[in-house]
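Below, chain A partners chain B and then partners chain C, in two separate complexes.
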Partner chain A sequence: MMIPALEFDSHSAPSFATRLCAIAGAICLVAGAVLSPASVWPYLLLLSYALVGLGVGALSFIALQYIVGSGWAAAFRRVPEAMIAVLPLGFVGLWVVFLAHPSLYPWQGAAHDAAPGLAWFKQAWLSWPFFLVRAAVYMALWAAFGYAMLRHSRKQDETGDVSHTKSNIHLSAGFLAVFGITSFLASVDWIMSLEPHWYSTMFGWYNFAGQFESALAVIILLVVWLERRGPLRGVINEAHLHDLGKLLFAFSTFWMYLWFSQYLLIWYSNIPEETVYFTARLRGWWMPFSMASLLLNWVVPFVVLMTIPVKRNASALTKVAVAVLVGRWFDLYLMIFPSQSPDGPVFGIWEAGMTIGAIAAVILVVRSALGAANIIPKGDPYIRESLHHH
Partner chain B sequence: MNNRYVVSLFEDEHDLLAAVRTARERKLKIVDVHSPYAVHGLDAALGVRPSWMSWACAVFAVLGVSSMLFFQYWVGAVDWPVNVGGKPWNSLPAYIPITFEALVFGGGIGMVLTFFVACRLYPGRPAHVPDPRVTDDRFAMVLEEADAGFDLDDVRRLFSGLGAVEVREHVSEEAP
Partner chain C sequence: MSEQSLTKTADPAEFVPVIAPGNTYRTISDRIADIVLSKDIKLGWAFGLLISFGLLNVFAIAATYLIYMGPGIWGINQPVGWGFAIVNFVWWIGIGHAGTLISAILLLLKQDWRNSINRFSEAMTLFAVACAGLFPVLHLGRPWLAYWLSPYPNTFGYWPNFRSPLVWDFFAVSTYGTVSLLFWFVGLIPDLATLRDRAGNVWFRRIYGLLAMGWRGSARHWHNYEMAYLLLAGMSTPLVLSVHSIVSFDFAVSILPGWHSTIFPPYFVAGAVYAGFAMVLAIAIPFRKFYKLQDFITMKHVDMMCKVMLSTGLIVGYGYLMEVFFGWYSANKYERYMTWNRMFGPYWWSYWSLILTNVAIPQVLWLRKLRYNLPLVFIVCMSISIGMWLERFVIVITSLHRDYVPSSWGMYYPTVWDWATYIGTIGLFFTLLFLFIRFLPAINIFEMKHLLRHKEHEAHGLAHHPSEGGH
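This part shows the complex of A and B:
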């Protein structure tokens, strides 16, 4: 069988409106930082952390496919590969938050009181220079693994050499081991330390579940978009969508499992310094936010994707993917904002503009990354298997 | 009453798939296909409809969930209320893990029992296989001589040409 030699046409692509939205988002960020810093800085943290989550989620997806030796996803591997390109965007956003507004973290600058016994460790861990060094190390590790795997994958298009796949299997194993630790620590550093007196040993895994679930949703959206628009037409079939739908179904349930595991233990043991986290999130206007998060991240995917025909239906699958992404926003908002504005959500014009800008920036970055390589990894040894997936 | 069946044995799964497709095109009645492992695409070639077993699983799972929820409510809030850490007697979050296990247990056990009933299986039932080697390296397609126009020689020629290593008639009350 001939492998279609398709190229993604990047010239006709990014519309003027998308660029305008990205620029408007940047203006909203600057204006908001001056006019309403109390909500715009944590919101920048939210968006940047969401983008980093998409990038590392996509990278974990690729690593997972390599390490289990699966072939079905090879045909659209360029999609998660392109999503790695949003990592630098998220990194820049995080560094802007860290350097321009460090007082977001209440433990920063002042000696903080911690639980006796472990106080010395907490003092050492939550010291500003150490925090910044750790952030740089996490980001450098993820970027290095992502770059190396991307390079091997693209080089394989020219050479068709199986050794690139073998190198990527080793890199994937290394990445998953490194990521298992660093993703946990990064979520603790960047998000959990917003409330330094509260802690949960579930927090890191819970964050990973959300990252992977949202990355899957974006992969589904991009794959369906490319299939409809042309470059992946005749390459993606219902069986690919079925498998992506299964993964989304499974990982949304995994997310719920971790959410409930965290909730149940805190609810049951009823220790005030732990329950404070959930009482803040189940009060007033935060209550509907919590319900929306559970509904969109789990109930909707679980109920809708239960049967086989829905998982094979592109338009149903994209609707669920959009619901999951909105749920991801609620999830992150609930992690970050109750510590910033305990009385209720504050969402204004700047935040709305920044959200649109971030979406536009992701579209621009992913588009240019898709255009930078063949849309199909034609040198991959699994490509025929993937094109015949049924 | 005895029925007449025709058993065709194949050595290759692709020959089997081709034979199944041909048999369906000729409107021959396929009783069953035996294979040592799951052959990819066989369900589609046979035109097997999606199994109703998943609905049985759902019914048993709901049964497990509702009975376990009721049991915990009855024990914890009606028959023997115990104050655990100041929680209300009827505390739903505390019931969830056990209810989940009852869901898995009810669905799993219920589905196995449904499968046994649907296949009329029970311990000690003699095995019906058309050839012992279908558990090893052979594939068998079993046809029923359903109408008077069934021509055994014609069928034998047809499937031998499609790669059958053996085509034989089998007369018995139950399909082999």
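This part shows the complex of A and C:
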């Protein structure tokens, strides 16, 4: 059978408003950094970390598809591939935070040496140059794997050579092994060390679960959008949506499982050094935030996606995906802000503008990445299976 | 062969079937049912059963003496109150997990390579749970009062402490055992009917007929069967995760360094699947050779199981790394000491053997060539089985023997009765397994036929024919 030769035209886009939003976001960032630095810097960390999460989540999705030899997702693989392009954006945001406002991390600077209770290992680990070198290493590794896999996938469009798939299978295995360690270290470095005395061995996994869940939600949104706009019409069918819905259901439950395990074990053991994390998050205005995170990250997907027809329904699925992304925002907000403003959440005009700007920037970057290659990886050996997915 | 079936693997040159070509419905029924219905008693089988039964008797002696004397005959003491009994309990429970994963999760994931290995892995689950369940009961000291764990109206006015993870364990394991049994039995019904129809001996016909519960293979039967099987699969799926999560709570809700770690639930689950697959494969390799079932349990199955072991093994290795990293990062002197004590304390040998057998050796599975080398894979499986036992030994013993107060430190030395009980349960496990292989179809006959039909349709480019639905 013929594979439809569809192209994604990035120039026909009504992107003026999107560009305007992105620029407005950047202005908000600059203005906020001057006028309200206490909340804008951690907020930039939140947004950048969220974008990095989308990129590595999408990369993990691709790697998992390759490594398990599954074919159903090949038809829309260009969507997660385009999401990898968000990675540099997140990296830049993180570096801006690290270089412009390092005092976000309380262990950094002169106070560090005098900080009580930090043993030699922690002192060595949490030293600023080492921290920056590690960040560079993580980012370089992820970007290198992402770039290499992207290149093989795009080259295969021209050659149709199965050896590209084989190379990507090997790269995927390597990426997942490397990512397993670096993602946990990155979450410890960038997020957990905001509260340097607190620790939880679950934290790395918990972060990964959130990253993967949010990446799935964005994949769903983009796939449905491309299907409605045309480029993927006739390519995506209900069975693809069904499987994406199942994955979102499964990974939101996985997220909840990790959340619950971490919470239960800390609550039950009741060791003050550990419970301090949750008491801060279940107090005052943080309590509704915690509830919103649980509700949107797990209750909504779990209840709504329970039945088959909903998972096969594009508009229901997109609503759940949006809910999950809002939940992801709450989750990240809860990871970062209680250490910055213990009295309660702060959210003003700058943060709102930055959020819109970040969303616009993601749209611009993903659009241009989608336009850079065929919308369907037509040389992929699994493409026929994927187009026939039922 | 058309493109359709080739798409199942990226490279046609690497295509390995899940059922060898040349088989028909008849050969499938004959070859699997004959193992059960054949009148010959294979010498190898009899010898295996004899040894297993001998070991089972060792267990009987050890358990009898234990009940007579009390747990003082074991090496447990203050501070190591949880010795071999809990190590073995967790080990056995973990081994059961592969069966549930294969039968439930791989079914939901539509993995066709589950079909020939699901039956005996599910049986293994049951036997492993049976072995596991013995240990906490024997560890009670007064095993005849084990029923006190269950909440029931009574005149003593006592009630189990629902805040204790040990009670959660009781519920988790008994639910797990019950659902696994139902799942296994429901899956057996169509095959029991096949045996009923093929059995020559009238008594066998009657027994299999009774167990087949009037199965006639009508459309309605199949419909109900499919629904029941799917529902049980759905119920078993959370069980795969929950049982070992709750077992991990036994440790992790405490405040003991080395036990209280939030990563424990997923890390235990991964370890359980790891150990389970190692045991399934360690049994499948000799089993397929001895009964010449290489057509049904192909190299594809071996390859897939090796990959599952490799990935779960990496997760387990990640768990060890996490412990070490946080041992130092936490800046908590007890955590740090625990990590140091595991590596260089009196039980250093157990830690390093664990790293060798559970992390280092299984890395050979990265290479496809080595995954296709059966003797090597068998050795790796054995290594993992030992490694996963050592993991529980390290967790239980090294954390207990040196806790916060140095004046209460101690050592743990297993006695001959500890070993006898442990080896005895291995005897129980294999006795049950040998009997199972002889008296029930160890491979799912009708699912293999279904698979064959599916593969034939694929080969003829009919993989998407509407009639493909059905069962």
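The rule we apply is simple: the second predicted complex is superposed on the first by the 380 of 390 C-alpha atoms of A that agree within 3 Å, B and C clash if a C-alpha of one lies under 4 Å from a C-alpha of the other, contacts with A are read in each partner's own complex, and residues count from 1 in each chain.
What we mean here is this: a contact is a pair of C-beta atoms (placed from the backbone, for glycine too) under 8 Å apart; a residue touches a chain by one contact, two chains touch by 3 or more.
Since the structure is predicted, the reported quantities are computational estimates derived from the model, not experimental observations.
Enquirer: Please determine, from the superposition on chain A, whether chain B and chain C clash or fit.
Expert: clash
Enquirer: Please tell me which partner, chain B or chain C, touches more residues of chain A.
Expert: When the residues of chain A touched by each partner are counted, C comes out ahead.
Enquirer: Quick one: is A:Tyr268 in contact with chain B, with chain C, with both, or with neither? Answer first, second, both or neither.
Expert: A:Tyr268: touches chain B and chain C.
Enquirer: Examine A:Tyr382 and indicate which partner it touches, taking first as chain B and second as chain C; both and neither are also allowed.
Expert: Only chain C; A:Tyr382 stays clear of chain B.
Enquirer: Scan A:Ile308 for contacts with chain B and chain C and give back first, second, both or neither.
Expert: Touch partner of A:Ile308: chain B, not chain C.
Enquirer: Just checking: does A:His390 make contact with chain B only, chain C only, both, or neither of them? Give me first, second, both or neither.
Expert: Both partners.
Enquirer: Considering only touches as defined above, state whether A:Lys319 meets chain B (first), chain C (second), both or neither.
Expert: neither
Enquirer: For chain B, which of the listed stretches 3-11, 21-29 or 39-47 runs into chain C?
Expert: Answer for the clashing stretch of chain B: 39-47.
Enquirer: Based on the A-chain superposition described above, do chain B and chain C contact any of the same residues on chain A, and if so which?
Expert: Residues common to the chain A contacts of chain C and of chain B are 264, 268-269, 390, listed in rising order.
Enquirer: In their shared complex, at which residues does chain B touch chain A?
Expert: 40-41, 50, 85-87, 93-94, 96-97
Enquirer: Which residues of chain A touch chain B once you look at their complex with the stated criterion?
Expert: These residues of chain A touch chain B: 260, 263-264, 267-270, 308, 390.
Enquirer: Sort out for me which residues of chain A touch chain C in the complex.
Expert: 69, 71, 117-119, 121-122, 125, 162, 165-166, 169, 173, 177, 180-181, 184, 188, 197, 199-205, 257-258, 261-262, 264-266, 268-269, 271, 273, 381-382, 384-385, 388, 390
Enquirer: Show me the residue ranges of chain C that touch chain A in the complex, using the header's touch definition.
Expert: Residues 3-4, 6-11, 241, 245, 249, 252-255, 260-266, 314-315, 318, 321-323, 326, 328-333, 336, 366, 463-464 of chain C touch chain A in their complex.
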